[in-house]
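Which chain is which? They are A, B, C, D, E and F, in the order written, and residues in each are numbered from 1.
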Amino acid sequence: MAVVRILTDEEADPRALAVFDKIRAARGSDYVNNFWRAMAHDPAAMEATWDRIGQVMGAGALDPMVKELIYIAVSTANGCSYCVHSHTAAARAKGMTPEQHAELLAVIGMAAQTNALVTALGVPVDARFMADQD
Amino acid sequence: MAVVRILTDEEADPRALAVFDKIRAARGSDYVNNFWRAMAHDPAAMEATWDRIGQVMGAGALDPMVKELIYIAVSTANGCSYCVHSHTAAARAKGMTPEQHAELLAVIGMAAQTNALVTALGVPVDARFMADQD
Amino acid sequence: MAVVRILTDEEADPRALAVFDKIRAARGSDYVNNFWRAMAHDPAAMEATWDRIGQVMGAGALDPMVKELIYIAVSTANGCSYCVHSHTAAARAKGMTPEQHAELLAVIGMAAQTNALVTALGVPVDARFMADQD
Amino acid sequence: MAVVRILTDEEADPRALAVFDKIRAARGSDYVNNFWRAMAHDPAAMEATWDRIGQVMGAGALDPMVKELIYIAVSTANGCSYCVHSHTAAARAKGMTPEQHAELLAVIGMAAQTNALVTALGVPVDARFMADQD
Amino acid sequence: MAVVRILTDEEADPRALAVFDKIRAARGSDYVNNFWRAMAHDPAAMEATWDRIGQVMGAGALDPMVKELIYIAVSTANGCSYCVHSHTAAARAKGMTPEQHAELLAVIGMAAQTNALVTALGVPVDARFMADQD
Amino acid sequence: MAVVRILTDEEADPRALAVFDKIRAARGSDYVNNFWRAMAHDPAAMEATWDRIGQVMGAGALDPMVKELIYIAVSTANGCSYCVHSHTAAARAKGMTPEQHAELLAVIGMAAQTNALVTALGVPVDARFMADQD
């Protein structure tokens, strides 16, 4: 597959290579995964995306591992197999245990099921779930 | 909206009322929300769903509040507005702060964006993200 | 809501009115629902859609009521609340019982749940589920 | 692919093997497909899912083959290729003919198209499609 | 993969072969892609789909290349990898440059992100975005 | 609806008000729509999103009106009714004619239909649609 070439280091331009270097440094690994090698065709977008991911996924009010679980949940619902694979790897690297993975799957499955039931029943939102508006 | 009547206590049959009672006891509140009142047309399914939610969403290897965040993430990606409203209310009831909510939204938005980029680029899964198979 | 005006009979042009007439005749009812009144801005597309729906949804190898169940299933998964409402009404008009509706919801919910589990696990398709190719 | 190992009989624990046995008995076949081998990492969830599928997909007010068609419809709209493959195989095993398959595809395609049109037009739900509420 | 055989010219029936011929003539290429070879199991549906695509995707008020961009956008959001691949090829054949492709991806990613934010916030539609209704 | 308050100018903090000012200046209108008023709870995210939208949606290799069409296409497929409404208004403001709108809807509907057919048939990607890889 792939709509564009997955660029090797040799094929990537200097600006993309500089992002590869940042990725390698941040992860302490020489490996750069296919997503970044595909994004390398547009170094400006690649750079902006990498910077934003760093800001969004780092430690804050939520734990970085929890953020990976949320990422997996969205990726699953959006049917992005690549993203499910890469962020499950990332969650494991950040300490996700098999028990936590199993519970994550259970919540995702439960949510998918009740989302469908709610939609098929056309349930109207309870007034108390809405923020007060003037 | 609603494809079926949202049943009042007077309209619900005894088996559904018994689930209403469980919901009230578990939440320490007399209020029963529309999802359960719509599900009350099928007391057996309603009962099974309530029991499973109790098992899945309770404390385990993941914190109950984190489970609500995952639920919101899936519901957002599935476009279930009702579910987003009800589980955001649940997450707040379990302690989600405005800062955590803001970070949740940032992760959901980031994931949605990169999911789309990955799909539009057709990025193949890196071998190292796959579990070894014989 | 609505991105375009929901046209009244007075506002619709003659070609759209002719499709309204076909709809009224086919259903034995004077009521023309909002979808067709929104589509009436583009009479050619409206006509083609109505004709195709007639061909696709009529009796054939599958029962017309079963076709409505399939329509509801797709509409639920796509999060189209309007379509869920209109096709649940259509399924009831074609004889769907409350018991059949309950079973439909159970299958939709089950499928949504296992779809999510399969995606979150990245399960590869078994060779025996694929059609033989040279 | 696969986020977890697809477990062989040798790798599965006794509780998972017991579910494999139930699957083999129910289907009259020694073959256990990848979904169950992936689920085998969490025998409790696997068992619960198998039991629920048995209840939901068996004969009732709807025919088991019709239930498979609904399953395929949901799986298609959710973009779950594995599920489309496995449930198309199941539908065939339960008697789905090529003509019925062709009509299923036509209904799924029609629904997907009109779902999109309705959403792009923002069509409001007709009052008569909503269940009466107090 | 594939749920049905991808039919060769030898396996396709005369009515399907006639559509293959139309495809070859329209594209000035002997190659017929897998989608049409899979659709060839239902020549009537195949024919109708090909004719409609010709009408919809040809020149009109929108440029044919722009229509391919819209097609890619929908296919990405629906997670249809095949469609993303085939319509990116079609867009390139109609003149899409790498710069236009990069901007397309940026818009798709931006839309996916804000779609998620809007849904997660439950933002109500502003009155001024709705068409006036009586 | 709404999960958070839609903030008035009086409720928004100075940093959010500064973004409101930028929005008003860019659009030459005093009106600030609900999305931005909901985002105003997180001024940093709001600011970053507004800046990125300006970069992504402005003139470049693609026309700004075409970018709005792509936005509508993604929003439709993602079922974001708010986004469909707001970006259809934006497309009209940038010159989209009723004929272009009708063609947009036709392409979106066609894509949704064939996306579903491709997925339901499990069509494998043709080698010629993939970028060459080593």
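Operating definition for what follows: contacts are C-beta pairs under 8 Å (C-beta built on N, C-alpha and C of every residue); 3 or more make two chains touch, one makes a residue touch a chain.
Given the structure is predicted, the values throughout are model-derived calculations rather than measurements.
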item: Fewest hops from chain B to chain F - one hop per pair of touching chains; value: 1
item: C-alpha-based rotation, chain C on chain E, 0 to 180 degrees, nearest 5; value: 180
item: Distance-maximising chain from chain C - centres being C-alpha averages; value: A
item: Identity of the chain that, by mean CA position, is farthest from chain D; value: F
item: From the options A-C, B-C or E-F, the pair that copies B-F, where over half of the contact pairs coincide; value: B-C
item: Chain centre separation (chain A, chain F; CA means) in Å; value: 21
item: Separation of mean Cα positions, chain D and chain A [Å, integer]; value: 26
item: Multi-partner residues of chain A (at least 2 other chains); value: 1-4, 6, 52, 74, 76-81, 84-85, 88, 102, 104-106, 108, 110-117, 119-122, 125, 129-130
item: Graph class of chain-chain contacts, one of line, ring, star, complete, other; value: complete
item: Chain B residues touching chain E - in the complex, by the definition given at the top; value: 72, 76-77, 79, 81, 84-85, 104-105, 108-117, 119-122
item: Chain E to chain C touching residues, read off their complex; value: 1-6, 8, 48, 52, 125, 129-134
item: Contact footprint of chain B on chain A as seen in their complex; value: 1-4, 6, 31, 33-35, 38-39, 49, 52-53, 56-57, 60-62, 66-67, 69-71, 73-78, 80-83, 85-89, 97, 99-100, 102-104, 106-108, 110-126, 128-130
item: Interface residues, chain F side, partner chain C - complex; value: 79, 81, 84-85, 88, 98, 102, 105-106, 116, 122
item: In the complex, chain B residues that touch chain C; value: 1, 3, 41-42, 45, 74, 78-80, 125, 130
